[in-house]
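Handing you this structure, nothing more for now.
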Amino acid sequence: MPIESISVDSLSYALNSFYLLISAALVMWMAAGFAMLEAGLVRSKNTAEILVKNMLLYAIACVCYLLFGYSLMYGDVVTSSHAPAANFFFQAVFVATAMSIISGAVAERMKLTSFLLFSIVMCTLIYPIQGAWSWGGGFLATAGFRDFAGSGIVHLVGAAAALAGVLLLGPRKGKYGFSGSIYPIPGANMPLASLGTFILWFGWFGFNAGSQLQLTGIDNTDAVAAAFVNTNAAAASAAIAAYLVTQLRWGKADLTMILNGALAGLVAITAAPVTPSPYLASAIGAGAGVLVIVSIYLLDRLRIDDPVGALSVHGVVGIYGLLAVVWSDPEAQLLAQLLGIAVIAGWGFTVSLVIWWLMKRTIGIRIDAEAEYVGADISECGLEAYPEFVRGRQP
Amino acid sequence: MQLVIAIIKPSKLTDVRDALAAVGCSGMTVTEVRGFGRQQGHTELYRGAEYRIDLLPKLRLDIAVTAQQLERVLDAIVEAAHSGQTGDGKVFVLPLQQAIRIRTGETDANAL
Amino acid sequence: MPIESISVDSLSYALNSFYLLISAALVMWMAAGFAMLEAGLVRSKNTAEILVKNMLLYAIACVCYLLFGYSLMYGDVVTSSHAPAANFFFQAVFVATAMSIISGAVAERMKLTSFLLFSIVMCTLIYPIQGAWSWGGGFLATAGFRDFAGSGIVHLVGAAAALAGVLLLGPRKGKYGFSGSIYPIPGANMPLASLGTFILWFGWFGFNAGSQLQLTGIDNTDAVAAAFVNTNAAAASAAIAAYLVTQLRWGKADLTMILNGALAGLVAITAAPVTPSPYLASAIGAGAGVLVIVSIYLLDRLRIDDPVGALSVHGVVGIYGLLAVVWSDPEAQLLAQLLGIAVIAGWGFTVSLVIWWLMKRTIGIRIDAEAEYVGADISECGLEAYPEFVRGRQP
Amino acid sequence: MPIESISVDSLSYALNSFYLLISAALVMWMAAGFAMLEAGLVRSKNTAEILVKNMLLYAIACVCYLLFGYSLMYGDVVTSSHAPAANFFFQAVFVATAMSIISGAVAERMKLTSFLLFSIVMCTLIYPIQGAWSWGGGFLATAGFRDFAGSGIVHLVGAAAALAGVLLLGPRKGKYGFSGSIYPIPGANMPLASLGTFILWFGWFGFNAGSQLQLTGIDNTDAVAAAFVNTNAAAASAAIAAYLVTQLRWGKADLTMILNGALAGLVAITAAPVTPSPYLASAIGAGAGVLVIVSIYLLDRLRIDDPVGALSVHGVVGIYGLLAVVWSDPEAQLLAQLLGIAVIAGWGFTVSLVIWWLMKRTIGIRIDAEAEYVGADISECGLEAYPEFVRGRQP
Amino acid sequence: MQLVIAIIKPSKLTDVRDALAAVGCSGMTVTEVRGFGRQQGHTELYRGAEYRIDLLPKLRLDIAVTAQQLERVLDAIVEAAHSGQTGDGKVFVLPLQQAIRIRTGETDANAL
Amino acid sequence: MQLVIAIIKPSKLTDVRDALAAVGCSGMTVTEVRGFGRQQGHTELYRGAEYRIDLLPKLRLDIAVTAQQLERVLDAIVEAAHSGQTGDGKVFVLPLQQAIRIRTGETDANAL
């Protein structure tokens, strides 16, 4: 392969594209993180089914966004600083993230086919349309709404859609008793849940730092580096804060809460990973770590059953992250942020509610009681996730 | 004294335990077992080949009782474990010659 | 560290090398993917042994290729657009991929030492010699055979070698009964198998996009970006297609088939990840997703026992991918592709058959019946993969 | 986004920063590797707790290094070839690696809170102070001590601190009987331990190749490429060597020893991953693979209980790696290396011993016997790592 | 009525089940157990230390039978579970005082 | 002949096995069970909700003995399994009608 004569501009083009492609690959890898997190937090009898959902939702998101979503969200995209395909790929993998949030919240009781149908609607319409309003240059962008990497545009919209689904689905059998009693349903595999969290943390560097979209130029480079540092700082502080809350409140270190804490830190910093100092990023993360536990605790008391804490991590903390933008970004205004939150959450929730409701009325969205008892693995997939490991505790 | 062995559906454990407590029987030993009987298993699918799972998950409860308790205990179990579907399970009663509580060395009725 | 004066050429050299090194690291990471996939699809009693095989085959591949294989395949390599060591590393990790394919197909019954001896022959001779014919500039290259990233040169040759081994080994005890009955032997750990698939998907970006070998220059950059997009699109469509087949045919979503489907999409696009449009790449992937299930189903009926589906995913779909090149690459000709397929599969199968047969005659290639019953973990490794988790189902 | 006019220098700045950020992200990912490795090698009853430790130690390392450690180690850092934040992030993730070593050695018996307190001291003081002596330009640097990526500065210091802790803690209950008998305590999940090793191998490319700190300039690029090749070669040879030892000595392929072997190869090459030829790197790795098994075997006979082999892998082999520098690096001198070893190990061991001892006297460092019997998961975290998988073997 | 307890090698389950079905006995309860006896365990190796596994995996079958069935059932089990190697297992027969089918409340012979 | 069923704490298995070997009893079958009795379980915490685990891990030993051995075996078990804390477990003795060694067909005392 002979050396072609390479120009500075083409080098910059190559480097920006490579940076975006690697960032996108890291976000793709987050799909594995969600899959492991959710597979670890459900019971063993529903594990294979949640894996199917995670694998397919990623696949569906990519295909739907290729066919319709991308052009709906961005129109005709012209990029000159990096390869158009790199830009497409980076945008496409974000859709799957939004959808992954939903699979966790409705786990252990939603029908596979209904979930997959919903994911088509989500990735073809719900996500791209609201994306067009902000990142696509629409009215939210004009109004000054700031959401750098998607605390709202990706995470909150997913959580809003999930909430609509959860409300129509109802809680898992056996989760809530009469007279307010709450029965915990422990997840089957903690190492898997922890691995998932580590994968997400790792992949999130691509999510946040890639959202600068350009690496070359001193300012861009510094912004990308700041995104790495702040993303990491927020997650680290949030994990510590969540630990301290569980330790002080219950005298134990609840692993799943610490995992949710770290993820909450990541979601919170996503709206503005570049502008804060690392110290402010740590503070934002710490707040998220506390908030997420309070939220999980309260939603459970409200009998809103969310097996993996997705509503709190991506919804409640997503809102918090959008508000926290004003602490570091001089261009952000509280009103514009509130407008963005209301629009995104309202849109995501309302449209999803209609879709879920139509499905509930027609094909149904919940597996029947017998299937739920036996487990979705056998009823939906026909196989068991761990066929040789006996169940040690009754459901 | 008798040893009562009850084979029940796993989902009935809490009900049976409550029913037993209600008749004053508070101790038992639970084993996870697999049962084979009239109840049909389910079909699984793996890589394009289907196969039956015949051995179904059941719980076995071992409960040592005094002769006076026996009748009430049997009634409690049968009632609480009953769903009317095939596979509800069986109760077996075996004569128990002796019982000892390891902690104290107490024997027979005192040991239960 | 003072700023040296950096020339444009040396920047290009640095960027190309870095791109190749990161791609190679992603391919190395695929070794973990194969290890997890195979560890999830075997029974718990053979899990530690398959892990040993996967760890050691990667190590052996690297060492053998360093000592002999690389120079046999490429002669004296001169690179000026990137660091020679980067090129070596990228080529070396491909060898391990070919070998990983074999470990899956012969799982649960092949002797560890025989497998390791075979892997030395594979990585020192079988793989590099046929690699020299195409990528090394030999007669297949001259004949116009096109295989961009190795659907044939890496995947098919591995599958051909595996088939020879499987035929001489015979099926696992208890897999096939009299009068045509087939007994499924479910894998022990579905989350692990799914994780392995996600890892492979992620690592495959390095496999396909790295095979452009140069990133700088607008055309190269665009080709690399296209490889990312097409690789992802093919895998996504293939997973969906495989799901639809299992859902329509059996009314259930067989997770392991969906995983094999995604991998089939990746194998199929490997022969030409740059030239197709994303839509064509999706179509190629969808075809692979259907084909792989049909192939797994039929091979099972032929009583060819392949615990992980490697023969179908890498062999049958590898051939399909090589043929599909003609749909997008105007320079490819069907005849040259057929020639390449025949040569690679013939070479891989024949030489391997001789080697396996010699081994079978001398040191033996199969663990004895008692060891197979107890499990290769205890007989070959002396330990258990999950010593505390009771076996819930008899073999 | 319009193309700004990009200068060669700013491109170099962007590329170097990106290379450092990706390397740092790979090192961050090693935290997941340690978590999985350790979670696989402890018993199921202590798995959730070791996961909590690994998640929190990474978080604490990042926060403490941000607040105090970095400035203590490097003073006011001025970088012009890459973004300052990239340099900070790369240095920060190394601290967590040092701390991860400790969590493995003291697993299954150390109190969570004491461990976390120690990690604050380690990351704020013990690690940065000795780091200042060498990488920070202090007296070890002046004395000619050479440790490219931290066989000593990261690995040995962690192992020295761990040894102090292990000596004060004592062995796990049931590990050693009267009259010299040794009872193995098998880890619960071999696939997890293998996954952890693969993650570490993958992440180590960032660890070693990133330590060049600059990618641009032909020499730098070649050095980075050499680091990839040598890191891989050393690990591969070490895994093979470890396998051969277990096979020849015990007639079985002990998976956990092979995993430790691969890691030993990585630790050994860390002190000089650039200067050796790939052949010498392989030889250094092979030596490490043998040495680590001998060391694990002997430490066990000395009744020093190290559930994951961290003292051998990072301590004994760390020393070996530092000595092996003189084989390839003409500037290295044996005396300077010995001085560095003595200083680092002495410092790490002594200060840690004092800290652990103070803790032991005050808040205690060991969970009580009942908690150890029931498992740290229930006593420290209140949950079980695998609540549905019955324990098959008594402790 | 008797309760037959058979401790067998796990690999013999299918054979024994078929043999029992052949003598008209279609219900049983299977438990995974570990046996300790004359049969030697195997040696495992972990990180350079060898150790014996003495408790070997076995299956325990509990089969309630009527007095008339007993002889045939015992013969069927012993024949089907036999391999001639140490560790083939044991069959124990216990007197069974009472049996109840939970689903119907039927008792004794009708309950089996 | 009798069948002795001992429910013990898992940590006492080695001691009990050694004690049994000392009185010449070398065979037994071990089952993992969960026990429910006077002993209190522990509290677990999961995502902010606490709950009790009442069924505690125990081991069940089944040991077939001859009438002569019975007394020594019972003493050995009770002594070795004793810790004095609630939850030490129970020993039950059931009459054993017949025993067969599958490998040889030997019966009764010779089968043990």
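For reference, chains read A, B, C, D, E and F in written order, and residue numbers begin at 1 within each chain.
The rule we apply is simple: a contact is a pair of C-beta atoms (placed from the backbone, for glycine too) under 8 Å apart; a residue touches a chain by one contact, two chains touch by 3 or more.
Everything quoted here is computed from the prediction, not taken from an experiment.
Enquirer: Chains in contact with chain A and with chain B: which ones?
Expert: Chains that touch both chain A and chain B, as defined above, are C, F.
Enquirer: Which one, D-F, D-E or B-C, has the same contacts as A-B for more than half of its contact pairs?
Expert: Selected from D-F, D-E or B-C as the counterpart of A-B: D-F.
Enquirer: I'd like to verify one number: the distance from the centre of chain C to the centre of chain E, where each centre is the average of its C-alpha atoms, in whole angstrom.
Expert: 45
Enquirer: Could you work out how far the Cα centre of chain C sits from that of chain D, in whole Å?
Expert: Distance between chain centres: 31 Å.
Enquirer: Just give me the whole-number Å value for how far the CA centre of chain A lies from that of chain F.
Expert: So the centre of chain A lies 51 Å away from the centre of chain F.
Enquirer: Mind pulling the chain E residues that touch 2 or more other chains?
Expert: Correct list: 31-32, 44-46, 50, 94-95.
Enquirer: If a residue has to touch 2 or more other chains to count, which residues of chain A qualify?
Expert: 8, 11, 15, 22, 186, 189, 195, 250, 252, 254, 256, 381-384, 386, 389-392
Enquirer: Check the chains against each other and report every pair that touches.
Expert: Once each pair is checked, the touching ones are A-B, A-C, A-D, A-F, B-C, B-E, B-F, C-D, C-E, D-E, D-F, E-F.
Enquirer: If you look only at chain C, which of its residues touch chain E in the complex?
Expert: 373-374, 378, 381-384, 390-392, 394-395
Enquirer: Chain E touches which residues of chain B in the complex?
Expert: 2, 5-8, 31-38, 55, 58, 60, 74, 77-78, 81-95
Enquirer: Touching chain D in the complex: which residues of chain F?
Expert: For chain F paired with chain D, touching residues are 10-11, 13, 32, 42-46, 50, 57, 59.
Enquirer: Taking the complex as given, what residues does chain B use to touch chain C?
Expert: Residues in contact with chain C: 44-51.
Enquirer: Under the definition above, what is the set of chain F residues touching chain E in their complex?
Expert: Its residues touching chain E are 3, 17, 26-31, 62, 64, 94-103, 105, 111-112.
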